[in-house]
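In the two complexes that follow, subunit A is the common piece, with subunit B as its partner first and subunit C second.
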Partner chain A sequence: MNPLRPDLTHWVGAANYARALGSLAFWRALRTTAIFVVGTLPLTLGLAYVVAALLSRVRRGETLFRAAIFFPATLSMVVISLVFKSLYAEEGLLNGWLAALGLSRVHWLQDPRLALASIMAMDVWASVGYYAILILAGRKTLPPEQLEAARLEGLSPLDVERRIVFPHVKPVILFVVLLNTIRSFQIFIEVFVLTRGGPLESTLTLVYHLYERAFYHFEMGYACAIAFLLLLFVGAILLLQRRLLSRAPSEASAS
Partner chain B sequence: MNRAAWILTAFAALSLAPLLYMARVSLGAGGALPIAPQDWWAGGLTLDHYRALASGGPIGRFAVNSLLVTGIAVPLQILLSAAAGHSLARGRIAGRGVFLGLATAFLILPRQVTLVPLYLLFAKLGLLDTYAALILPHLADPFGVLFMAHYYETMSPELEEAARTDGWSPTAVFWKIVLPLSGPGLAVVGVNGFLTTWNAFLHPLVLTTSESMRTLPVGLALFAQSEHSVDWGALLAGSTVATLPVLIAFVLFQRQIVEGLLQGSGR
Partner chain C sequence: MGARGHSVVARIAVALSLAATLAAGCGKGGSAKQTVVFWQFSPIETIQPVVDRFQAENPGVLVRVEQLTWQSGREKIVAAIAAGKPPDLCELGSTFLPGLVSDSTLADLTDDIQDLKTELLGWDVATYKGRAYAIPWMLGTRALYLNGDLLRRAGLHPEIPPTTWSEFAKAVAAVDAVDPEVKGFGMNSGEREIMFKKFMPFAWGNGGGILDSTLTRSVVASPANLEALRFYLSLKPHSLLDRQEMLEESFIRGRLGFIISGPWLLRKLPGIAPHLYFEVGLMPRPAADKGTPASFAGAEVLGIFRGSKNRDGALRLARFLVREENAMPLYIATGNAFPAASAAAQDSFFIGHPRDRVFVEQLRTAVSPPLHPRWVEIEEILNAELEEAIYGKKTPEASLRSADERINAALKQAP
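Here is the complex of A and B:
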């Protein structure tokens, strides 16, 4: 299809959608997204929660620690990807360290079993600070009197965390889960810079697939079908979030 | 230091180490990476890569493009966000709810969805590979519009009404009363707009084709894609140049960046 030449464009009905849903690349991209969410979310969320908890506990230098940990979240994903590409390079720093320890080189980005995991590790590094700030802001809306009262009742720090702080920041955590999922559907730059979807399509994501189809093969109709499916997925996740969030308060009052 | 501070020190170090590595490679001689731990200190420091960048290399051109695009787009983006936000907050305009709904939708929904239509639009307009293609998509910023609409809703309209009863024109009211009172809100919109514009990747990638029109993120990413003989020194010098303005903005406006993030700027 050539959209700049309407005379050559014709109505194909749902053909582009049928093609997407029948193509291996599309399902592979969806699987990549699923692996990405399942693999990064627990780690990112766990680390972000710990960082937020520590930041709220530290007596001095909170501003400095917060700034250092949050700064990467403001950087261009291209810069982050370039730095990690240099770390993961065959002759890069990580392999240099492995060699210094007498170990053999690892093909971080060339091994189909490792490439996605390498990108996921980078993603965890890049997003912990962002989510930690969100969770920290959630913690700070907890009235200090409530914490003081719990402490006077003789609750241990761990109990305070489990019985008071965690339920309080639960909506924020739910928000982070959904944000992470939505962002995983949109991964592009990381793949563009580090692997171009390879090796063996092991890092192919939905948006990279869309980009490749549209701008290497000029299949604009097909690419738009993919874009629309992406929109549907993200829309469905947002609806799910609404359902879950509207249910949360009633749960709290019931318990 | 207590235990929390020690663990946080480790997190902070991990978070900054890759950036220090980037700066170290950019200050090294030649294009190779320091691979072994002992190489970290060997070889001395030099500004060679930055000199090459400043003396007319392609990466220097990317940096100039990025500065130009950001320098033009962000002030316009701020002004349009203030104007649109003010109209939405104060004006009794038809379809106000529709505009608010659209802005919210564009804030939440993935930008990638509009990539192909955006490309086709600019192709039809004959604007591919121009500065207009790099700048125009940034001007309408849904986060900025919504943030300013909310900002003006919480600001008392008394002064504006008084001026209007004194016979001031709406334009005069906007320039002389509304804008001077918008500083704190515009700082949030401005710094977040700066970050999105400076770091923008997808639309500058597809709307430009010639090397001389590439912005810093796009040009650097394309350089890194060439599999043979990547000049890491030059690339990471370019990355450092791409990082410095962000660092300055971060140091000066961290509070505003965090506020934008909490209000859901869609970065």
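Here is the complex of A and C:
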């Protein structure tokens, strides 16, 4: 459907879906998006967990640390992207540090091998705080008596973490995984501000591809088909994740 | 979320403009005034005085001006057309035009503008198969900026910019050698929409092109284009590869010898880099006795949608806006693009502003990309293949040949 000529709109059946599934550009964009999701999720989750664990041990100035960690979540993604655009610039802060160390410049966003990784790093930075606070909230629901008892039993801090805290916050982690998966599949703003899909299409994610089809090529019907396919993919992955992650604790409790 | 944000803004904007149109409709009963809804990109304070003068000359017409933004204007226009409520008169960028023309959303103005043919430049951007679908309003082009201090350090004379490819290549290499922190030339990369705009001037100047005169066949793999691409890529070892915005920033910081940019930089530089000594020159030509100093020509045109309720009023406003004395204030204020009115070149403003004059001269040899219904696709192919060549993934021959094949395949599909 062309929005400029609604009068020419006609029923095409599943043609747009067939076209998407047969399009190399679609699969490439999906692959790039999948790399983004798979690359950021474990890192974000791992860091968020560690940060939450550290925050729970802070005795003084907890509010200050919590606020500092949570701060990126209060910023618009556009603002974060603009800040990172100047950090990643050829003469930006990062390259300035490298130069101070006597290292050569890195083309963060101009090197097709690095551009996606640079965006992923930014995304991890931007989302760790938010998820850390969620996990921290999960930890806080653990009764202190339980921890105290474990310690009296002589469990090492690592064992306490592994056998008591982790199983307790597992539902929160599941929630974080689902939330982050959905969000990561939708990545658009970062690409729009930083790279516009380039260089050499290395950051052309599915939603950016969809945007180009809709607003540059005026193929609204096709863009909608891509959006629906994305919905199906994300839905399927979420179901799978839920299965995998919620199975583990029941096994643990059975043993 | 950005896309969603845009569409919400677009929807609100459509709703507002609808309300404005409705309100205007209600007003009609009381007075005999025609209302013309005019969407454009200049700041309201710049355009309003011009519109006020129009209304003083045409008491029967009431103009409602709205400002579009470069970020979301495109979406807003698309949404308005889709909703069946387009403005009466609309400023459109020349790159946006092919899609609108191919979908015949714009009114054919050929018979209304015969007398303007000689008064305005830039008709080729608005003409498809001999019919004019918009009126050229402002023309934009790019020229060569050079850092005078760096050129001096390289033993060159900034007052005499390089005029040929070989002079240019030598100057770029010489500037690159003066300081490890400095690069000779700013080469665009990583921004798919812009690469062909920077490369094609070299190809056009060398007699190359994108489509043949019948617009049915690609001429991208021509020897002239290949020679130009080889030359362009020979600058790469001495160049900083980055997006336009970043290249301009490097130039402002005095780290780049040459960049290609538009007249807007003339308005910007004195304020943000008062100590930067720069000059502006024409784009280099292949050789003193060969080719032209071509550049990219873009245009802002005025279009009337087929759904317009007030074609006469819109046309009258358009004819008023394109007049030299009405377009010149916009150029002086924004520096974005020159009046399409050919009389503007004689404006006294250019006597006191020699750097602006370079752009007027550059316009004479500037070329605009062909107006073709499948242009967006052609542009995408061209950019993608050029990027492959710039990043060294393909040889210049292979990238142009592949672009040629892909463009020809795209041309074969029904428009």
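The definition used in the following text is that the second predicted complex is superposed on the first by the 232 of 255 C-alpha atoms of A that agree within 3 Å, B and C clash if a C-alpha of one lies under 4 Å from a C-alpha of the other, contacts with A are read in each partner's own complex, and residues count from 1 in each chain.
Heads up, the rule we're going with is that contacts are C-beta pairs under 8 Å (C-beta built on N, C-alpha and C of every residue); 3 or more make two chains touch, one makes a residue touch a chain.
Everything numeric here is computed off the predicted structure, so don't read it as measured data.
After overlaying the two complexes on the shared chain, residue contacts for A:A89 are found with subunit B and with subunit C alike. When the two complexes are overlaid on their common chain A, residue A:M77 makes contact with subunit B and with subunit C alike. When both complexes are overlaid on chain A, the residue A:L54 reaches subunit B alone and has no touch with subunit C.
When the two complexes are overlaid on their common chain A, residue A:E153 makes contact with neither subunit B nor subunit C. Of the two partner chains placed by the overlay, only subunit B lies in contact with A:F65; subunit C stays clear of it. Within the superposed three-chain model, A:Y211 lies in touch with subunit B and with subunit C [touch as defined at top]. Residue contacts after overlaying the shared chain place A:E145 against neither subunit B nor subunit C. When the two structures are aligned on the shared chain, A:T195 is found in touch with subunit C, with no touch to subunit B. In the superposed model, more residues of subunit A are touched by B than by the other of subunit B and subunit C. Taken together, the two structures place residues 3-4, 77-78, 89, 91, 186, 188-189, 192, 196, 207, 210-211, 214-215 of subunit A in contact with subunit B in one case and with subunit C in the other.
Put simply, subunit A touches subunit B in their complex at residues 3-4, 50-51, 54-55, 57-61, 64-65, 67-72, 74-87, 89, 91-93, 95-97, 99-100, 125, 128-130, 133-134, 137, 182, 185-186, 188-189, 192-193, 196, 207, 210-211, 214-215, 220, 223-224, 227-228, 230-231, 234-235, 238.
Note for the complex: subunit C touches subunit A at residues 1-3, 74-75, 78-79, 81-82, 84, 99-100, 103-105, 189-193, 240-242, 246, 249-250, 253, 255, 376-377, 380, 384, 387-388, 391, 393. Of all residues in subunit A, those touching subunit C in their complex are 2-6, 77-78, 89-91, 107, 109-110, 112, 115, 186, 188-189, 192, 195-201, 207, 210-211, 214-218.
Those residues of subunit B that touch subunit A in the shared complex are 2, 4-5, 7-9, 11-12, 14-16, 18-19, 21-22, 25, 32-39, 108-110, 112-117, 119-120, 123-124, 195, 198-199, 201-202, 206, 217-218, 220-221, 224-225, 230, 232, 235-236, 239, 242-243, 246-247, 249-250, 254, 257-258, 261-262.
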